[in-house]
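Every chain is named by a letter (A, B, C and D) in the order it is written, and numbering of its residues begins at 1.
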Amino acid sequence: MITALRQKTNILSSLVSNQIFILVVLLFVLCAFFNTQSPYFLTQGNVFNISTQIVEIGLIAIPMTYVIISGNMDLSVGSIMGLSAVALGMFHNMAGLNIWLSVLLALLVGLLCGTFNAFLISKLKMQAIVVTIGSMVMLRGVIYVLTEGRPISGYPSEFYFLGQGQLLGVPFNTLILVGFFLLAYYIIRFTRFGRYTYGLGNNEDAVYYSGINQTNVRFTILTINGLFAGLAGVFLVSRLATAEATTGNGIELSVITAVLIGGTHIFGGRGSLGGTMIGVLIIGVLNNGLNLMGVSSLFQMVILGLFILIAVSRQKS
Amino acid sequence: MESILKMEGIDKLFPGVKALSSVDLELFKGEVHALMGENGAGKSTLMKILSGVYTQTKGTFSIKGEEIRIKSPSDAARAGISMIHQEFNLFPNLSVAENIFMDRPSITGTLGVINWKQMNEKAQALIDSLGASIDVREKVQNLSVQSQQVVEIAKAISFDAEILIMDEPSAALPENEVRNMLEVVMRLKEQGVAIVYVSHRMPEVFEIADRVTVLRDGKKIATKRTKETTQDQIINMMVGREVAELYPNKTKIRSEEVVLDVQEMTLGPNQKVNFQVRKGEIVGLFGLMGAGTHNVAERLFGLKKGKGTIMINGKKANIKSPKQAKKQKIGYVPPDRHRHGLIKEMTVKHNLTLTILDQLTEYSKLNREKEQELITDYIQDFNIKTPSSKQVVNLLSGGNQQKIVLSKWLATNPDILILEEPTRGVDVGAKAEIYALIQKLADDGMAILFISTEMPEVIGMSDRILVMRKGEMIRQYNYREVEQNELLSVASSIEQDEVKVI
Amino acid sequence: MRKIFNLHETPIILFTIIVAFVFSMLSPLFLQASNIETILLQITITGIVAIGMTMVILLGGMDLSVGAVLALVSTIVGLLVNAGFNVWIAALIGILAGILCGVINGLIITLLNIPDIITTLATMYIFRGIAVYLSGGVWITNFPVAFSFFGQGTLLGLPFPVIVLVVLAITFGFVLKFTRFGRRIYAIGGNKHAAKLSGMAMKRAKLYVYLYSGMLSGFAAIIYASNVGSIQASTAALNISFDVIAAALIGGASIFGGVGTILGSMFGVLLLGIIQNGVIVSQFSPYWVDAITGLLIVVAIIINSVKRWKDSLKLEGKLK
Amino acid sequence: ACGSNDEAQGSAEGEMEVNEEMNSFFINPKSIGPAYFTAAEQGAEQAAEDLGVQVIFNAPTETSSSDQINMIQDMMVREVDGIGISPNDGEAVVPVISDAIEQDIPVVTWDSDAPNSERAFYVTPSTDSDLGEAFAEEIAQQMEGEGQVAFMVAGLGSTNQIDRVDAAEAYLEENYPEIEIVTVVASDDDQQKSYDNAQNLLNTYPDLAGIVGFAGGEPPAAAQAVTQAIESGRMEAGDIAITGFAVPSLVKGYIEDGIIEKIITWDPAVLGYTSVYVLNEMANGNSIPEGELTIENIGSVYVEGQNIFSGTIDLTIDNVNDFDF
């Protein structure tokens, strides 16, 4: 009896307390609002605009969701992104390598940075947030050493397809983002790796005691996070046609904000990729809509801050 | 005798569980009052209500005839009640002295400034009076479990409370320190403190308690003077039926085929352990805290490294991690299910299949239909009481949680199952079910190593009992060949006649 | 002697000394009195903010809004002194504004139960936005001469800001070590569950800690405004929260709470200050500054971890 | 979202008709918040009022190319009639400028250039290399052609800063071989850090004879550090020459005190005003003639090819009180 009753109230209250549901509603409300405010908001061009602009944040937010769910944190993604971008430019423009080879090497740079973090955090068991503050500063420094602050531009036109081209009438980078999102969604929902990720964030010991090498799971997540930061760097270079020393500066804050708005718990264990994507969309739509309304970015900051509080006020500490 | 506390008609309702119904308890000044009952009978709950951690759903208390309300631990402290909790409640990052005197006006002077010197001295005196040798400036995280228990006791005593509640204070202590602690209890008693002593250890209870109250399924069964009762009577009151019923009958003839052969496993200097477990056999491993039974389990499951040979089905096995142990078809139900056994925030389903996700993976995708089928089967087969497979484990009762830990290892279809404290925090009904389950597994051919500090279940369940003391295997008994008092005396190395049992 | 080597802060102190030694080898100017004074002056602002941050971290939280509070308070104080307010009254109002910001953080966290990091991430945006709005987006500068005392004045021959830092550090170090309030912070950070069982007023402690963090940011803001002489609300102290968190962690604090000291954090701040000054005094290429800084941070973190490993090894050994 | 496209476009055209007579322009600084750009905003707003057009002045709060380009793309959706950009990275805005030109939206750059783009004009006080050379010449004069000089910049990765530094370096090397550039320090636009940097420079280079500040926050920070060094007796007035770019209000006190002799400045408001003016002319189909161009309320600017020079001002004790920005 009692359990049956409990179950019923559970279903009722779970819909109301379901974060994703609320976030989707919030997103719709935002869109509806901006649609009344600007006739341009719901045009195809603008929708693609938004979708292209969220690509880099989205690409990093995907593995960052894994990172945070598994109870870790990575503040160095902006610097990794910048280093990969700059490395791409240097491999191509200074070393004279083929552009696609340079892209591969840039991704490798991202992967290596991720591995560096992963090694210190998972193998040497150092605190993730501390390690990545360190590598954030250090890698940004490496960028300045390499570039002396000068932007690197001039790439073959076929390279711009990544960030500026269209496929089947849809921006290519958006397609890639959607593809990776679906893949990541699939992995976290339908594979054991996903289960381990949640398990790790909730009770690492219990995962270990279940005969699973939890260190490897953590290592993989952090390494892939580096790789995706590198990928975001490549796409950004292609979109902007230049690699500059400030690339990715501060993006970690936007990424983490999106992930947290998406309902992922800062201390791990709970969260979802769907939520993250909606979080990324909310930030993208909010930015775009307020821009269209001509709202000064100062007020946009305040609005974003209030929005964070509203979106996560159900997430108890 | 002067009555100091009266609890009357205490009810406690947790969501979906009635933990206490209409319990009365009276305490006299200067008495040791034992509170007994099976796991989950409601002892801790009653005491947590008394110490302000929980609030009762119904009922009243009065202290020295005056009715009072206790809504928080600080209320209780003001009313002269202090409690040693069953689980440690220490601040690992702080010193022993601070843990004892945390947040207390007595060691602070003007403006809330702490007098460290005075605090350390006071704390040291307290610790010394408990006969322990601990530096009070040491951080608690650097102490052994036993020393931490001593700190808990010192903290509770330091309040100079009129009522002291001790919830299983001896569970984590080695024998000599249990002695010290009991002496302290007697001393406090002489000073007129009323002590509620929760314990599963009959000898202690009969040694120090004046009266004993027995709880069963949240109800008070009786309060008796210790001198006027016997252990059998108490057990009868606790369980409500013959003890024998709890344990399944052994019908099958055991096979002679050795599945697990442990040779020269080193647990400490000059301490070697050798033993075997046969197919379909339940081997009980008994020892007091610190005897080394836990180390045996950890070594076998790859949680600890060490010397010695482990042979499985006649082949030498190299086990360096739980992962490798699993490959060798070993399962392990750890003693601390909250920390190591379960991911309590995750669902029944996800916990149950955590160990076998690799088997459920097809082309790197989880076969979720198969998973669901398996789970439905397990929930049925093992009689796990849960509203759905998607229920969060945290919300299940302890017994059902334990069944999940058990099931998740059974799912791996192990040859060898190591059970450590498999019924800790589990109520009687669930206990019987778990015992029956374990017996059935053995009957089906599983080799089972049954490690427990609860003597009755070791005796009731094991085909053979191995007794350990200080890292050594010292005696072996066959099925129901041994009595509790002998087992205890062997394990604690006190000569039989010295043990004051019954 | 053995006791000194077992001090919690020993690794960071030793590392600071080594780094200082290396810089003094690289440049004879480094150890000059005037340069040391420069370093001390430069760390006052991060140092003061780090005191509050240390307490927040001890509770297991993080205050990302300190930079924005600093910008907001220095804007307010700047506007007030330029509007002709007495500088001391302006400073007092500024500190009250800092306290208010801290209380807002604390109330959101304790009453709405929103995690610290998210709350302060949000208020970081909000406070910064308000600061720029109040400033009207223009430089606030040309302060009256009297105002320069806070950042540039001397007292008993010592720079006033350094005195403020030292007094605040000692005061709060004392509070943390010797008062019930202070020990409560360690206790709550060390084991929330036990703190609850022992009936501690946890929310109140948290509220106070954020209040102090806001207040200390207020102190820092006044010195900042006076010291730099001109304030641009949009960029003032933009990255200070990372610097300060890094300093506290380098100083031995644990992000999980319960572990850390003001002394350690002060050395963390000092180390970062020495590095920032040292790389310039040693005439490294400017492009190497961040890379060297980051590398030294990573090294400092590793050194701290080594100490932690040792402790945990010691623990395991005892448990056996 | 695609289903409602037609409707949305329909209403878009509806509003277009209403707004037909009033041109709207997007003026995009590097970031919003810095006082320099707030001054430019005032100029642009003034132009909007004078010319009867609408101006949207906005940028991200941090100097980031990608955020900046996102915002430009958003404003293109709004179908503004012209865009004026001060790019964080001159290369990064090339594609988005091309897109705008393709949509027949006139584009100018101002304050900082994108030379490889299809922008119609660059509105600037002077070219970055000319500015760099002017700073170099000025400091060399004050240092009497010899000694150590240090450069202070806002960001090591900012295009116009790099161009000015490069030009200044080359100029000094060529014309004043006796002058040694000891270092370049960056403040990341953090006033406290530039002040710290200045202090560290004074300690590190006891013989330092000059500091050039390449961004608006640097000379005042250097002057503040020098003032304090003089007050504490570690240095004498006139030991170190300071020049570079700063807005008058920030350096007024230091010029009056004699810490700074001369600053090369310009009014950001003029840049903002001129940008709006030029965009409006282009939107109305008028051409911009070569040579001197007189703009009402502003004065004369000089059109030289694709550059529109508004000119610089030498700020000294004689005229420091003549400006209100």
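Observations on the model:
Operating definition for what follows: a contact is a pair of C-beta atoms (placed from the backbone, for glycine too) under 8 Å apart; a residue touches a chain by one contact, two chains touch by 3 or more.
Model, not experiment: these values are computed from the prediction.
Taking A-B and A-C together, the chain pair joined by more C-beta contacts is A-C.
Relative to the C-alpha centre of chain C, the farthest chain centre belongs to B.
Rounded to a whole number, the gap between the C-alpha centres of chain A and chain B is 45 angstrom. One finds 29 Å separating the Cα centroids of chain A and chain C.
Taking the mean of the C-alpha atoms as each chain's centre, chain B and chain D sit 72 Å apart.
One finds 33 Å separating the Cα centroids of chain A and chain D.
The residues of chain C that reach two or more other chains are 128, 132, 137, 234, 285-287, listed in rising order.
Residues of chain D in contact with at least two other chains: 32-33, 61, 156, 186. Residues of chain B found to touch two or more other chains are absent.
Of all possible chain pairs, those that touch are A-B, A-C, A-D, B-C, C-D.
Chain A contributes residues 120, 124-127, 129-131, 133-142, 144-145, 148-149, 253, 256-257, 260, 265-267, 298-299, 301-302, 304-306, 308-309, 312-313, 315-317 to its touches with chain C in the complex. By the touch rule above, chain C contacts chain B in their complex via residues 178-181, 183-184, 186-187, 189-191, 193-195, 197-200, 258-259, 311, 314-315, 318-320. Remark: chain D residues 1-2, 4-5, 8-9, 11-12, 14-15, 32-33, 56, 58-66, 69-71, 73-75, 77-79, 88-92, 94-95, 155-159, 162, 186 touch chain A in the complex. Residues 108-109, 112-119, 121-126, 128-130, 132-133, 137, 234, 242, 245-246, 249, 254-256, 285-295, 297-298, 301-302, 305, 309 of chain C touch chain A in their complex. Taken in their complex, chain A has these residues touching chain D: 31, 35, 38-47, 49, 52-53, 56, 144, 147-151, 153-154, 160, 164, 236, 239-242, 244-247, 249-250, 287-288, 291-292, 294-298, 300-301.
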